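Got a structure here, written out as structure tokens. Questions coming.
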């Protein structure tokens, strides 16, 4: 059980801001593959992961990172603060 | 006839903030020589011109600069604003 | 609003703030500072003057952590007497102040460098996203490559 | 207080001013700016905490010309929507704000660079002199070689 959050246009494409996901994926990339398979709107949101960033438990991470012990995964586009 | 101004410790050593000077000096350096000869306090103020700056008509200049057409000469130490 | 012995801190809020008031209290809090640098980010009227409003989304929780982390890094790198970051989220209109950073140090070099560092990191490492609304619709602001590249300086 | 189409200007005054108020009106005047940088110089309590007061002498007439010149040069070098310089003279006590510069531009790089440029030139090219008073007496502040050297950057 992992909490998955979506922000900005990722949130808009998927249509929800967050959801609890049952996953056996070992890495972020594995989780992305599972999500893509759920529905076309997920496939659209994750079509190009190079346009995305991921945070694990609120720290920026890579798509190859392990999900072990992770409670919260967030997907979003590059940040545009300031 | 030229107006000569002194600032900061130059003013303090010479004892006055400004004076009108009758000079035939062609350059700032010539004027400095004339002033040095006036009294020991001038000699003390102008002992080391490398520690001084000069402005001609309110623009920074060199000690070799010509006094032709100049109405106001100011002597002061390096500036410490900000 | 301090998390360190140094003055300043991190604030993320929806409501407006006055850069003026923040600067005054920051200067008052920064004992021993000779130099205070502030940066204020303002909503430009881009999109050919057609920008009606902007909406800033953020990631509550991570935002504060990211800003605290960036501030702590600046305090480690420079000898600062204070560092503050304030960032708004929610709806904003052109001319409004989005965010502000302020740094204080004995000398100006450190204060300037630390303020630029805070801005560079905040731009690309704090989870904020801007959406611009014009009469034609809405669009997410794209990240600029030069903002990412700017991190290489530090 | 403008001498150019850009907002801002130059002011030399004995009385105190509020960096806060100045920043507010500067931001309001700088149409089209996305980035506003300010620098405030504060009287540090140096001399081992024994500084009682400071006296700033200046060269009326030349001061304004020098500051206008420095400001004009900054407006020429960077694409600014505004630049302001305010500098006090006369007696000041520790904690008081001596001077302030503010710059506004579309993007932060230009605003930061122009503010540092104004400060570097102001330090060594504007006719101000500081005298520090402690219980032991008074001393003129010596110019720092690194301030003169800083001009080589530009």
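Chains: A, B, C and D, in written order; residue numbering restarts at 1 for each.
Going forward, a residue touches a chain if its C-beta (ideal position, glycine included) is under 8 Å from a C-beta of that chain, and two chains touch if they have at least 3 such contacts.
Computed from a predicted structure; not experimentally measured.
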Between chain B and chain C, the fewest steps along chains that touch one another: 2
Inter-chain centre distance, chain C versus chain D - centres from mean C-alpha coordinates, in Å: 23
Chain centre separation (chain A, chain C; CA means) in Å: 26
Centre distance in Å when chain A and chain D are each reduced to the mean of their C-alpha atoms: 48
In chain A, residues with contacts to at least two other chains: 82
Multi-chain contact sites of chain D, meaning residues that touch two or more partners: 41, 108, 119
Touching pairs - complete list by chain label: A-C, B-D, C-D
Parts of chain C lying in touch with chain A, wherever the complex brings them together: 41, 56-59, 61-62, 65-66, 87, 98-99, 119, 122-131, 140-143, 148
Chain A residues within the chain C interface of the complex: 5, 7-9, 11, 55, 58-60, 74, 76-82
Contact set on chain D toward chain C in their complex: 18-21, 23-24, 27, 32-45, 97, 106, 108, 111-112, 115-116, 119
